[in-house]
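These are the structures in question, set out in turn.
Each of the two complexes below includes chain A, the first together with chain B, the second together with chain C.
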Partner chain A sequence: MDEEPERAKRWEGGYERTWEVLKEDESGSLKATVEDILFQAKRKRVFESHGQVRLGMMRHLYVVIDSSRTMEDQDLKPNRLTSTLKLMEFFVEEYFDQNPIIGNVLLFEINTFFYICFDAGNPKKHVAALKKAVGSTCLGEPSLYNALNIAMQTLKHMPGHTSREILIIFSSLTTCDPANIYELIKTLKELKIRVSVIGLSAEVRVCTILTRETGGSYNVILDESHFKELLMLHVKPPPASSSSECSLIRMGFPQHIIASVSDQDAKPSFSMSHLESVDEGPGLTLGGYYCPQCRAKYTELPVECKVCGLTLVSAPHLARSFHHLFPLDAFQESPLEEHTGDRFCQACQGELKDKSVFTCPACSSVFCTECDLFIHDTLHCCPACIHTQGAS
Partner chain B sequence: MLELKRTLDAKGHGVLEMPSGTGKTISLLSLIVAYQKAYPLEVTKLIYCSRTVPEIEKVVEELRKLMEFYTKETGEKNNFLALALSSRKNLCIHPEVSSLRFGKEVDGKCHSLTASYIRAQHHSNPSQPVCRFYEEFDAVGRQVPIPSGIYNLDDLKDFGRKKGWCPYYLARYSILHANIVVYSYHYLLDPKIADLVSKELAKKSVVVFDEAHNIDNVCIDSMSVNITRRTLDRCQTNVDTLQNTIQRIKETDAAKLREEYRRLVEGLKEANVARETDIYLSNPVLPDEVLQEAIPGSIRTAEHFVGFLKRFLEYLKARLRIHHVVQESSPQFLKDIYEKVCIDRKPLRFCAERLRSLLRTLEIADIADFSPITLISHFATLVSTYSKGFTIIIEPFEDKTPTIANPVLHFSCMDPSIAIKPVFERFQSVVITSGTLSPLDIYPRILDFRPVTMASFTMTLARTCLCPLIVGRGNDQVAMSSKFETREDFAVIRNYGNLLLEMSAIVPDGIVAFFTSYVYMENIVASWYEQGILENIQRNKLIFIETPDAAETSMALEKYQEACENGRGAILLSVARGKVSEGIDFVHHFGRAVIMFGVPYVYTQSRILKARLEYLRDQFQIRENDFLTFDAMRHAAQCVGRAIRGKTDYGLMIFADKRYARADKRGKLPRWIQEHISDGSLNLTIDETVQLSKHFLRQMAQPFRRVRPAPFFTRFS
Partner chain C sequence: MASEDEVSLLVIVVDVNPIWWGQQAQREPEFNLSKCLDAVMVMANSHLVMTRTNKLAIIASHCQESHFLYPNKHWKAGDVAGDEVSSGSGDGKYELLSVANDLVAEEIRNLMARTQVKGHQTDTLLAGSLAKALCYIHRVSKELEAGQDMKSRILVVKAAEDCALQYMNFMNVIFAAQKQNILIDACVLDSDSGLLQQACDITGGLYLKIPQKTALAQYLLWVFLPDADQRSQLVLPPSVHVDYRAACFCHRNLIEIGYVCSVCLSIFCNFSPICTTCETAFKIPLPQMMKPKKKKLKTAN
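Showing the complex of A and B:
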């Protein structure tokens, strides 16, 4: 973000009691608490192992962002809206990274809910749209009913084997509805649409009921980092409900073909996905992915073929989704003093300095905090285990 | 538990303060029931007194759970009989009678169907209608005791329907041998009803007064009489009717009157015999001396008595024809009445008893019509019996409307111990309990008893789910207070408005705001409207207002709950000491924050209150200011306590008055609130309040994990 709006002056913000978090230790030093806070921040991510659960891998997720008056509130810096949108950018990228098989993110605004519509597949566009929304003014009262209703209208038509989800970032504490929202909740429940809410200010009764009825989660943020964490919880696919149908899906694995410039027959052509969006340059390229069924050309994967409707993915995409099904077990945490082996992290070979070390239950290798996070968040497999497998 | 056991062991009385929603009822019940099982001879009966019908029902449900638990754990069915008792209105199953809407009508109608002479007439003349349920009950119901079990009001009705017995009389009869009785505390405190219902209850009972923070006022109300000109006019009609009936009966059935006369000459010996054997709960309206004497000759015959009543009535009328306020004690009043109309003290004392006898003799079916004359007769008896603890105030007009003459005679009791004394004397243990009884030592003083235990318990909370904040200043540093001198101050009103506005923006769902009085609320709301604050608030939440009208209020309450339920959010503006502050709970989202605007002092200019304060000072050495503060703080605590009804619940408690920060006010709040007031939450500005509340609400919105089941209470030392 280049044109980040000027940060609000500290004195313009609210009254805070930052000093209350800090506590002196016996010698009167603050060092211990500060270190503890930092450490806690690192380790905050909770590992919730699903075990062997069927997950809904094909996700249709609507993200609804409140943009009523309350989004101007400055308790998140610089204000709730900007902060939310920034985190959303991060979320979108992460979301597509972790759920590469067809995803559908929609942001929208109705009666002051954002309403930015995309087609599937490309995180870049979403990010661009999000950037555009920054700085827009927030006015009026939100209507949960209208937002849910519109999201429902679209999600209704999604095939039964995909998950239908709505994620609402709800900042306001009130909703002005044109009709009885409980009727709508009933309909949502029948349609098996899972609604989750992240509240930015406090627990609102109607959201509690909404999420409980539809099987979603309801969380209220504490601060920005907690907000980010809560968002990241939604990156992981939710367990599929047993009632959702399962079906086999035809997928195409197109190869990337680049015609050499020297080839006389090669003609630059348009990507099918660029046909609709005009603003993204010429789009004439030589190479691309060709649909194995109809030979339509695409520059990016994953995508649904515009011509024959085949889902086009690449093998690494599938592999990336795979790890959700078989998540890496959480490593055992133990204090450093009790650790007897060598004092070096298996991954980065750095000296173990943190208070606790992490041991892989399979190969009993030791890792430092940083590497533990990296392994679980990004690698999704234990490097030491793979090493031993490769050797044998 | 320990404290309660100690009380029971010592066969004494106790005062226990326990925050609501922590299992107060169930822990009381379980211990006393266990005690009853262990020492069936020591404690024969538990009398559980609560305030309202829903509360009674709740107690019965808890009891049912307890009994189920017993059966499950011990594997044997225990033969406990527990039942709830309420008025005829709630228990009647007679198709015609039960359709009536007002309690008085039901009582009257019931009486006209079940009175003994009506039934006697029915024998000779079968066309005379009687209540078949009562007949059936009277025929067989008394021989067969009701099977053991737990009966709430509906169960009783069902049982009654099945057997064809009247549930009301069945319940009234069954409480004599029931192990546990749950009813309203009027049945024990109000001398008029207690005499009918509770007088035969065994001495070895344990009495529990739940929600008893207002018990002194209930006592006082039950002994006080207000007489207006309207009452007197209706009395006049009553007296006329009486006279006519007497005339008629004299012509047709003179023997009956003679029979009555004979009975009166014999005196109230029967009643006296009963009292000596100490079976009955003594009736404070009917003092001992009365029983030992016969009805004085001057009012023994019916005509003389009616003439006497007429004279008394005329005297009262004359007294009401005044233009200035008169306050006098009972002896003064008696002296005056003797001088003016030559009514002696003695016949006055027998007035109530004599009237009852007369009504019985005259076979007047509809007792309800005669309530004014009964009231007057009670007044006569009370005024002549007690020379201390009562005062008579005659006001020619109301304070609000000094131009409209509306004379009222207040005969007000100033000593709550008079009404409750027989209860303390008669029953082995009396336990007074409520969520807000602080400061504890004042109750024994004003009720004049010596408790074995006094304890205040605090909650053990899995998390700090209450957040009391004392807001003393606005953002402009102007002190906020509902003090009389500053309450009209523009800045104070504006700051109150800003506080509500800010809170409405950050508190989800429901907010309940309490004002000190209706008048003050009207003023403030009007000026908020002018300043446009109301409009701003309405963008966040809808606003509902409590009014003195019960129907309007319940409508507002219903809509308020609806608005909370579907996410629009709402604010209920109500009045401390009003209906909302006393009986209604705002669980979970119905009350996420309670704001108390000002300190709810009583209207100190009221003459009744002044007289009472004076009495308290003279008799119990309680300073006026102490009592006023105590009274104000218990109401404030009662108001804010509405929001927290259990461990999973959470709520903000905002005291918007800088006077709350003072030690004398703060020290009078219940322990469980006081504990959470840190020095950091005193005298905040609106901004600081908003920040703290935001933080608190976010903390509370995090998923609530039950760490481990906490013990019931911990003793606060």
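Showing the complex of A and C:
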């Protein structure tokens, strides 16, 4: 298993002279350097576009949170468990925003073996369950083997065209396994389950081997903001492995029926998803979404019909994922002095004041730094390109 | 009333498609583009007068470009109308309003005069205007002073029909607006627009198709002037039934049950062995082959 050469460890490299980064100008002020550092921080995210790589759009993600003794450590304030749960709430919201179809996130704590939240299609249940789990005590030793085993039992029944992933937040340095974990790693590899680990303490060799064999990523956090960044890396759909099957999935697109009290035919009825949940109240509503196959009623989409098993989505849910399939190219950066045209950003009409401007390669329009970040993070389409494309 | 810390930004996107307005001038001469802009200016002035901290932007959406009618990028804040035009308005009107009105009138005249419609470009570039509006809102929100809160909304006054080619860009813009908590309201003059209905539904805005175009100012003031907090206390037109069914990629029919490719998310109405968009071959689900049970034949003796 040791064919890959190990990366050089940080202490094996030379010293980094961080004090040399700061340079003073003639009057002794550090203003230019500080502005430069702020500018670089804004641009820190590397726009890795995978180009024409096929992405695993339908994902089943299993998140395992360590709840052993080491999670009571206070190096992340107030303690590691609370900090992790808070960041998980944020992660769940972002995940359902970017992966709206069938994104299952199943949360699960390692050694206490209870599901925090099982298989909900919408983020609210997850967030509520996470909030409830905040006060739980952390005892004992974690067991990677048991956690992976339980996750595998559920994931192996998922259909082949979805990407099966496990994300483990691992804080301890030891693991207490009942059997040989390398055998389990082989089984995971055959089932094409991708395991990624975020370590909270230090690099653990068994995690390195686990992630390397299954094709996931292993990172150890530096501080809380780094933790958040690492979590966000898992929100985007990963490149699909070549062996995942592609199939046509049958889905239903129900109509939204709105009825008001004054309608003669409107009758209040229960939604199928409320029948099982205890704490949501009686839930009688007049309108809703009716499954096209069996006419069962639901109040929210996306959902899997409990009666006939058809996945129900609405067209905007699919449209939310389109920007992964057609990613926007990164804009070219050029210094402000070389720019000869108008001194105004073409998106926000503001003056170009930063030291570099960004040009879209397709339509050659010029944008300021803020607009560039906004366009790539949130908007996912170039405002000027729409003007030239829309006409053709 | 709103305190000094609450800034409310209204961006009005007006559809100035010259082809539609030209035809409109022949259909109904009493309602033309200048009357429409008058009504919009009344609403804009009212918005500015409601609270001192309210801000405004107006974008004209043409077939070839989206132009900011107000504020003008060449006009810096301290530069109140310089040496041209009757700046000190003789009738005692609030100066900001008179400057805004004159600016908008001049800009729209310049815009309509200088653009020439080329043959096939007849659709309004609404998605582009909305994208620019979002970037503008984003910039203004970054320029606020510390402690100031901003609520923004976009009002679209739409005249011409939808352009189906803009669907994907439109959806991107709508999701971006929803993420930034920006409402999109729509005031439709002529034919119903499915895209705008979806936009209003997803972002939480209001959609209204006006029964009488000449009463545009009334509708704008009654329905679209109050901001989001006040709308819960008013009786407003009910929400419309939005058709969220998807259109299949092969025939463009609206379907209720369809097949979705797991790779590229294209929607088909019938099962086909190859996806036409991404050319992936699919596994055809065959029925399970049952081994026939060997029956022991009783030989009749």
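Points worth noting:
Assume the second predicted complex is superposed on the first by the 323 of 392 C-alpha atoms of A that agree within 3 Å, B and C clash if a C-alpha of one lies under 4 Å from a C-alpha of the other, contacts with A are read in each partner's own complex, and residues count from 1 in each chain.
The criterion applied here is as follows: a residue touches a chain if its C-beta (ideal position, glycine included) is under 8 Å from a C-beta of that chain, and two chains touch if they have at least 3 such contacts.
This one's a predicted model, so the numbers in the text were calculated from it and none came from an experiment.
Annotation for the three-chain superposition on chain A: chain B and chain C fit side by side.
By the touch criterion defined above, A:Glu370 reaches chain C but does not reach chain B.
Number of chain A residues touched is higher for C, counting chain B against chain C.
Of the two partner chains placed by the overlay, only chain B lies in contact with A:Leu144; chain C stays clear of it. In the superposition on chain A, A:Ser314 contacts chain C only, with no contact to chain B. By the touch criterion stated above, A:Phe344 is placed in contact with chain C alone, chain B being left untouched. Judged by the touch definition given at the top, the superposed model places A:Phe253 against chain C, while chain B stays out of reach.
Once chain A of one complex is fitted onto chain A of the other, the partner contacts of A:Pro383 are limited to chain C, with no touch recorded for chain B. Closest C-alpha contact of chain B with chain C, superposed model: 30 Å.
Overlap of the chain B and chain C contact sets on chain A: empty, with no shared residue.
Those residues of chain A that touch chain B in the complex are listed here as 14-17, 69-70, 75, 141, 144, 173-177, 180-182, 199, 201-208, 219-222. On the chain A side of its complex with chain C, the touching residues are 54, 57-58, 97, 161-162, 240, 245-258, 260, 292-293, 310, 314-316, 318-323, 325-326, 344-345, 347-351, 370-371, 374-375, 378-381, 383-384, 386-387, 389-392. For chain B in complex with chain A, the touching residues are 505-509, 539-541, 564-569, 588-589, 592, 687-688, 690-691, 694, 697-703. Per the touch definition, chain C reaches chain A in the complex via residues 63-66, 68, 71, 73, 120-121, 123, 125, 127-128, 131-132, 134-136, 138-139, 142, 163, 165-169, 171-176, 179-180, 198, 202, 238-239, 241-247, 255-265, 267-268, 271-272, 275, 278, 280-283, 285.
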